[in-house]
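Paired with chain B in one complex and with chain C in the other, chain A is shared by the two complexes that follow.
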Partner chain A sequence: MIPRKLAIALGVACLLVLIGLGVFAPAHLSEFDSDRVYLGALDAPPFGTDQRGRPLLEYAQQGASVVLFPSLFAGMVVGGMGVVGGLLRCVGSARVDTAVQAFGEIVGSLPRMVVILVVALLIPAGSRGLLPLAFAWAVLASPGAMDEAASVAERLGGARFVEALRAHGFSWSRVFLYHIVLLNLRPVVVRQAAETAMQVTFLEIALSYLAAQENQSSFTHADNVKSWADLLEIGYPSLVLDVPTGHALALGLGLVAVVTVMSLMLASAARAR
Partner chain B sequence: MKAWWLRPMVRLVAALLLPFSVPAIITLMIWALPGDPAEIICPPEICQGTEVLAARWNLDGGPWKFFSAWISGAMQGDFGKSWRLDQGGSVYDLLAESVPTTTALILAGLLPLLLGAIGAATGLIPRRVDPVASAVGLVPAVVFALLCAAIVELNYGAQSFDTEGSLARLAFGALVLGFADGAFAGATTGVRALFRTERKQRYVGVALLRGERPLPNMLPNVTPALAGQLRARVLHLLSGTVVVEVVLRINGIGDLLWSGTLLQDFGVVLAAATAFATLSAALLFIQAVTEILVALVVRRAPTLPAAVAVAERAAG
Partner chain C sequence: MTSVLELRGLAIRAPKGILVNGVDVSVYAGQVTALCGPSGAGKSLTARACMGVLDVVPGLFGGSLRFPALSSRDWFEGVVGKGRRAQAALLRETESLRGGYLSYSPQAASSALNPGRTIGRQMEMALARREKRVDPADVGVHIRELLDEVGLQPYVASSLPGELSGGMCQRAALAIAIAPDPRVLLADEPETGLDPVLRRQIVELLVQVGKAHNSGILLISHHEDTVERIADHVLRLTPVHPGGGE
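Coming up: the complex of A and B.
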């Protein structure tokens, strides 16, 4: 088990790296430079260059700007829905439980990628972006978060727990916000939010890579912006051909690892004492 | 107390609605997009006779006419024509070509999950394996699939689309589906947690005292939860087929859906999404029926006359 302080430090550090990359992303990539083609990280620090001599750092920055806000937004939506699910269980109403279950059944009954692709069809070519897809993903992930938070609230005692705390003279806000949400739902809600943020990032990489493989525009960003999937696409030939693009693959995988570590550490930091 | 039949009923209703609601939503989307739907197939600047085409493809009478014609055709096995991917070609032919491949991929991908679930339930897979499985499961499907595609290309080269190469792609695709995105880890830890919780029940302790094995006692009671977990796993696999099939170049229904989406081919998307919806509905139906059967057969309390007769026999 990783100590809580270390988990917080690592999680926040990874988040700051992503925010730093995304905030300082250039609007356009640098000009072509045929003298600096496929340079490694040592020859063109910090990450080397692509097939046109442009620094891979700019790919990493633009990719971070593509995923940063939508993934955090999706995480917050799922976290919020988890809180709602937990609090609704504390209300102790059978009708509300049935309505929540029906919502979960209908929303969670289809494969997520199918729904995402159908939503992607609605986005006009001129205004493509990850945000609507991230929101759709968050809605699809919400029933799971609500269900898990509801289970935690039920183990806590549900409506009887609220009643007991009220009998001790605690205010509604203290009972719900402090005792239920902050002390008990926090581990579940933060973990679900962090996992969803990670999944949305991976979704962007997958969708952009699939589009790039077919030489088509991505659903998630404009054509003049590069995604982390472009790093994987540049780097992939190094696995099967004698092309010196291993540094691009390493950078792409490294960024995936940063997102994964961030998600794991934030979830670990929020675990119950 | 909450009625036991409520959850299965919600699932049954959702299962009945799903194959109709998905094409209905896509149909509404076609009309929600700016412009005339017929112009997607036949843009006026490059093609003439848009009105005739619209009439022939049922696009001239609004969404209801299109939907009712499509759904009645689909019930007879006619899924309409492709709008762009194979313009004018039968979507049924495209589906017939891709569904068997995806079915094989899903079944092969399900194999490690079933083995993992059985291993976790019986204790053959120890708990110390869980962290390793979780670590492997952190790898996103697209990265896992890329590595597998590289292995196939390195080993088969130009022959990677021959029979042997295609089988290798399918096998690696199943491997990716089975292990990426936490599929295997979810199956093992989910089943293990389920049985661990159930083992704490009093009846299991009583069964142990009577010299019985716990698994046969627990199995009937955990069957509905297992059915729910199985449904979630299959849905996860279905979702993953899009990425796996495109990256590994497997001609399945996920690849078809992706190509249809990229080219805005609503004919293909409508049929492929409906196929996914029908499969999802079948899974919901199976789960609901399992829950109903368990409730009626396994958990049924003895009826009063029978209970009285048993008591009288015991007293006598």
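Coming up: the complex of A and C.
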């Protein structure tokens, strides 16, 4: 297992990289420059250029700006729903448990990708963005988070655990926020939130890649903005054809790796103790 | 005999019927008062009434609760028969007592020990509720003393509950319960889930440690042999309403 401090450092570092890229993203890509076409990372630092001589750094920045807020927002929604699920189990009310179970069964039975595509199609072309899709994804993912958090609360003893802590003289807020959420639900909630943030990023890449392959507008961002999927699309031919775009593929996969490492490290850092 | 807890005429009702009716309990410093009886007799409800953590929803209860070592007033006064609001009021009213004047050793240690915190950290929080403030520099010494008192090694302080055996958890829960030097130590069937040898050890340890701290012990048990052997005062409860109680 990775030491907790190292996991925190790596997770936060990856998050800061993404925030740094997203915050400083240019509104438009640079102008066409025929002298700098397909330059590698050494010739055009830090990441090289595309088929029109534009820096791939701008792709990375714009892609980060597309996924940054929606993925963090979706993570927070799922984390929040997980907290709610865990706390509701500690209330020890049969009616509340039934209502939560019904919500979980109804939402959990919906085919996730179909719902996402329906939501994507419902959004007017002029106001497309990842946020509504991320929210829909978070709502669809929340029954799993609620169920897992409720299982943790159940293992703690549910209402009995609350009562025992009350008997030890702790206030309601201390019992629920500190003992239950911070000490016990935290690992589950943070992991679910980090996983959802990663999933939303991958969802964006998948949808944008499909749109790019079909020469259509993406559901997740405006046409003047590039996604990390564009890096993969530019770089993929280098695997099968003699095209010098391996650096774009490496950058795209590197960014995916940053998101994955961030998710895994934050989840690892949130473990008990 | 110095009385530390007096419960008079406790009556608890729920929509289904009467759960506890007319129970009187007195707990004395340095002595063991045992509440025994079959399942459904209202032992745990009576114990919760003593702690002010009743969870009868919508609960209706009556009677009077006094802590003579603290004040002469009735802690149930003004909250009789008002259901959920009364329950909330009583919780607020008695909050300052719990974990300090009143301490609790639960039925299952697993539901009293927080799995996300080390035993030492949980003992620190309990020590912080002592009437006589513990010097932060001495906390480590107090923790080692308490662990030694309940027969645990010092390394247990840095362990999470999940890393300990059932018997060790029960001992750790007892160390946490006794850490605030309570006037009343309420032990709710502390022998539950333990084998006969360990059961005897834990109950004897509870009595020994409680008496060493001059705490009045309210022991809830359905093991008549245990109660007969160690209790100074025995109160036998019988079910008032079929299916009600615990």
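Here, the second predicted complex is superposed on the first by the 273 of 273 C-alpha atoms of A that agree within 3 Å, B and C clash if a C-alpha of one lies under 4 Å from a C-alpha of the other, contacts with A are read in each partner's own complex, and residues count from 1 in each chain.
Methods note: contacts are C-beta pairs under 8 Å (C-beta built on N, C-alpha and C of every residue); 3 or more make two chains touch, one makes a residue touch a chain.
What you are looking at is a predicted structure, and each value in this text was computed from that prediction instead of being measured.
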Item to complete: Using the touch definition from the top, say if A:170 reaches chain B (first), chain C (second), both or neither.
Response: second
Item to complete: In the overlay, work out which of chain B or chain C sits against more residues of chain A.
Response: B
Worksheet item: Should A:184 be classified as contacting the first partner (chain B), the second (chain C), both, or neither?
Response: second
Worksheet item: Where does A:151 make contact in the superposed view: on chain B (first), on chain C (second), on both, or on neither?
Response: neither
Worksheet item: What does chain A use to touch chain B in their complex?
Response: 94, 97-98, 101-102, 105-106, 108-114, 117-118, 120-122, 124, 202, 205-206, 209-211, 213-214, 216, 229, 232, 236, 239-240, 253, 256, 260, 264
Worksheet item: In their complex, what parts of chain C are in touch with chain A?
Response: 48, 51, 53, 55, 91, 95-100, 102-104, 106, 108, 110-112, 114-118, 126, 129, 160, 176, 186
Fill in: Sites on chain B touched by chain A in the complex
2, 6-7, 10-11, 14-15, 18, 22, 25-26, 29, 32-34, 138, 140-143, 146-147, 150, 153-154, 181, 235-236, 238-243, 246-247, 254, 257-259, 261-262, 264, 266, 269, 273, 276-277, 280-281, 284
Item to complete: In the complex, go through chain A and note every residue touching chain C.
Response: 92, 155-157, 159-161, 163-171, 179, 182-184, 186, 272-273
